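These notes open a run of structures that come right after.
Two complexes, one shared chain (chain A), two partners (chain B, chain C).
Entry: the complex of A and B
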């Protein structure tokens, strides 16, 4: 934190090195810029205002979930239930809105209940992983099945529609600016605030070395639980976006997002082992996945190959990130 | 009466032909498929591509862009957004959810894009459904079974995935038919998740539990599994069961003279939807607006039925095709034109 201001005239190679050290997401940012350029090259309209709005609408949920995952990964943990929390919150808020009518006040109430649900799920994860000391990867896999089961109990079939007022707002415009842009700005402010909190720093400290953190007097269990709680809250926010974009409840909607959220965190330059990373990187990672998916289509990949090319492209992005990062820091 | 119909159709076609040959038309159509778990889906896309190709003869240049991958609902919404960015004229989609596409279809419509769902109905008022009525599909099999059993006997049903919209509609279809036949008793209903092996297992259990079954109502690929169990139990002569439409089964059916009948959900539905889409893009209007179904936006296609009377014909269509190839049918361009003013 002390090296915020770089020396006035550094030697160029060490300046690059320092920049990459200080901003671990720089390789990801470079990849993102390249991908944006490629998207624009193959389909100029994808970079129009409408195209960008669509992209943000589609991937805002993944960005939020990647951030959720980041806080857990900071501390060297992992959350395989993040997608299941999205599904659960989705059916809870749609269910509450359908039950209570769906005017402005009930929508706000439903969102509050959704946030509380996400927080509760996060705390459950925190208890089983940090307090009961079960292995994070297995324990959250188990809670993911539990949360999915709960979602299926609340709404066995996909389909209950969300109130029109809700998704028209999410998909609409205020003062000619698409609503999702306001959401994105709020999201950015929230991240800036959170970066400055003690919790993110402490999570990183725990991820760097649990033993050392404990010996230096940090409440390790509480910090890890805090990470999971934060993860639950952000998963709930991701669920709000999904609900705004799909206008309906689906007990399985978030399931496939879990591994994408982890991939986004790693693409963004954070270390899965913990102790090193940024939320900005995770947001960029989520965008990389989004731009790869659309690029696969815009370059005209035959349909039989689309899944395969997507997988290879993500792998390449991962490798490029690692190589660029390593070269620059060396 | 009939003659005048034909005449007007011919005149309409001639008119259409003359206008398009004067102004060569170009349409770009996006096809989205969100699940790649079966050959049926692959065949659906191949047939739609072939249908687009066939428009060339009419002087209409239809290019298709395909997005087909295993995706979740947000992933398929991304498909639609990509199509909007690519500036397509129409989107034809086999949707992963009945309700989740309302907002993105509204956006597509705003961008002036025609949206047609096929194979599974959608709730969006901004889209049209062109495909079969799953309820009528279920009812057709049940009617054949009731007829074959002379309106009496013990029947079991093997269903797909509980809670899946298409499954629920099919189940409602057979229930309605069997309710009209008081002497047909549905003794048990099980779910085998549209899985051939699970269908076989379920049938084995049912045969062990109810030795006096006369009829089986079973859907799609599960029928091949169920029939395997029936044949293993040596009950081929005493049981009538619905069948399915893949070549492997049709061959077995012909060889062992099974007492079977199959409702057809043809993979050609997307090709039919494409032909309807092109005509709509040409600015033509439907004779009868598409207002059928629970969402009031459906245009139902005829459901072919295979039984002993036309089994040979079906087998002939599939000759030389691979074993997983499904019996198919689609609206030809002329068939589709006849639906328009």
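Entry: the complex of A and C
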């Protein structure tokens, strides 16, 4: 919880400082620009339309999941089950599509069921964390095991294919423009709309101090549950993208993504303690992770070293973000 | 008929009765002042009315009808708004957002920014000209000064457009011009027939704005007076009650010969206090008195180096002391015991022995140690305090609060410090442990240690301190020595105009 009693920082008149305070994701944006330039330097083709399409296609899921995580972190909570929700929704929609045949109407119905699944998972998290007041970090770790277990029950092994119509659409083009760009634009509009909601502002207020928010007359439990519910819905959207990208069901596909989503939120300049942050920053954070991974590949890192180099690069990006932000605000 | 009536409202925390069977009537169009010393129950009463504390007994009536106040939201719904002494602001949100937070103007699920700014502007305009520089609707609250934050909390309470408004020490950080503007607003609200409960520790303010005053002592309502028909002396007498004779239990004149000064402080300033100067002599217990949060703890923490001071000089035993961090001051012979054991004292989950030793490690610059040698040092220190424990290897959490605090104090006794800073050391400790602590403190003083004691319970100060410095608004307002150390003088000095 951020303390109100902390001594007020010296105020600045400079435009730079004000910009960095108003847009906490600016350091991340600078890092992203540098990474894009480096990618272009080592592999000019990575900046072509095809290269960008491939990158967005792969990392749209992480961007959505980072946004999902952001709403929970706004309120000072955390969701370690976000990746498990992705897995569960993935096997649910692939399962439904396989059961009912892969035509357009079925796909729409399956996606609706997927969204409902994500929402339900989010509400379960909200109940255990906000209503039952269990520690968010442990409670959502437990629900992550539960959701993973459910996914493994539905589909014990990976490999059930998604209908061709589904992944062809995701990877295809409409009016000569790749489908994922439409998704990205819709995603951007959705974020702009959500920023203006009462829930966003109230989540941030709760993150600044639950006791203060409660004493101000805010329904703290309902607000935190709202954050988890929104997280579940965005995790379901992330699952749609990953299903489109991998074209199959995999009960463990999202597990690794949880901590990446948290890393993306932090890279984007949001405070893990809550009360401070932006969803734009989290999207940028996810892109930073994406560009680091592709850069590591393009510079020709031997495969056995790739993980190590990725880890070091993410650490460096995190440090650079902190340093740039501190320097600019000081 | 009264606007607000409390009938037999009571609240206990464990064995402590914070409020017993309170009956109180607040009329429409009056400013009703609540008076009482530290921990008398003013804030508990306020929070019960505002819904953030649930009473154990009693009922609350609004305009003659019983209301069920189940929480802050319910209180706002029936027209009760509160200024919290500790503030209830969201640090990273803007001024305008904070003012409207409880009841965000919205269109379906969206925040109506235009309406939000218009509403906030209305309340900000009330303080036009006294808010100071850099105050704007879109300023972030954490960047504001303490007085500006208090103004935001006032605006937030006003924005509730409530019929009952509670201001719990709303003026403590405000300057003269801000207070005067605030009082104009209060008079205006009064004119509109609203009821105001007003808590302040400045006697002049109470007589300037109050219509009636009710005095609370030890959770009990002592009586009410019309302000126009009473005097500050009468109010203070009511607050003191019949406890006067217990006041000077310590020897009236210091029987101990005053030793050489061990700690001299000159012009010490920092966050929460300014220009503090005093001397502690060997063998003396110097008391810090006054209401909560007037800078007493801040000065002690500054001297210990936990929150380093920004200006001033400190001498310890004639040598300059630069309190930059606790490591340095500990090595020079400063000891600090906080009442907030869990934050500042106890190493939770570790054995008692490990909880006694850390200061010894630090002062002796130890790297390796044998448990048996340490135990030989720990036992006498623990026994000096009559600590009850089953074994040195048992976890500290197995002890009661009082015994935990004894362990924390014992760690300072292995290597004698020159000066012992006690920051409300008996918070949440039972009576017999308190008695043990104070007898030890007096013995240490008798052996020539210099002791500074801040106690939020006035009786502890009056019984144990040789001299009392009364703090108000981050400065020392009065010094009480000898026979002047009475409860009456202590309250009067604490409530004096800053």
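Note that in this section the second predicted complex is superposed on the first by the 317 of 330 C-alpha atoms of A that agree within 3 Å, B and C clash if a C-alpha of one lies under 4 Å from a C-alpha of the other, contacts with A are read in each partner's own complex, and residues count from 1 in each chain.
Following the convention adopted for this analysis, a residue touches a chain if its C-beta (ideal position, glycine included) is under 8 Å from a C-beta of that chain, and two chains touch if they have at least 3 such contacts.
Bear in mind the structure is a predicted one, so any value in this text is a computation, not a measurement.
Undergrad: Touch check for A:97: first (chain B), second (chain C), both, or neither?
TA: Neither chain B nor chain C is touched by A:97.
Undergrad: Check whether A:310 is in contact with chain B, with chain C, with both or with neither, and answer first, second, both or neither.
TA: A:310 contacts chain B only, not chain C.
Undergrad: Should A:63 be classified as contacting the first partner (chain B), the second (chain C), both, or neither?
TA: neither
Undergrad: With both complexes superposed on chain A, which partner does A:290 reach: first (chain B), second (chain C), both or neither?
TA: first
Undergrad: As a test of reading the superposition: which chain, chain B or chain C, is in touch with more residues of chain A?
TA: B
Undergrad: Touch check for A:180: first (chain B), second (chain C), both, or neither?
TA: neither
Undergrad: Taking the superposition on A as described, I'd like to know which of chain B and chain C A:84 touches: first, second, both or neither.
TA: neither
Undergrad: Looking at A:119 after the superposition, I want to know if it touches chain B, chain C, both of them or none. Which is it: first, second, both, neither?
TA: neither
Undergrad: Tell me which partner A:250 touches in the superposition: chain B (first), chain C (second), both or neither.
TA: First partner only, chain B.
Undergrad: Overlap the chain B and chain C contact sets on chain A and report the shared residues.
TA: Shared contact residues on chain A: none.
Undergrad: Hey, which residues of chain B end up touching chain A in the complex?
TA: The touching residues are 33, 36, 42, 45, 65-75, 77-79, 81-82, 84-87, 97-104, 106-107, 111, 123, 162-165, 168.
Undergrad: Considering the complex alone, what residue numbers of chain A touch chain B?
TA: Its residues touching chain B are 43, 45-46, 48, 50-51, 54-55, 57-59, 61-62, 156-161, 167, 170-171, 242, 244-248, 250, 252-253, 255-257, 290, 293-294, 297-298, 300, 302-304, 306-307, 310.
Undergrad: Give every residue of chain C touching chain A within the complex, in rising order.
TA: 50, 52, 71-73, 75-76, 82, 84, 87-93, 97, 101-104, 106, 109-111, 113, 134, 140-146, 149, 156, 271
Undergrad: In the complex, go through chain A and note every residue touching chain C.
TA: Its residues touching chain C are 2-4, 6-9, 11, 21, 196-199, 201-202, 204-205, 207-209, 211-219, 275-276.
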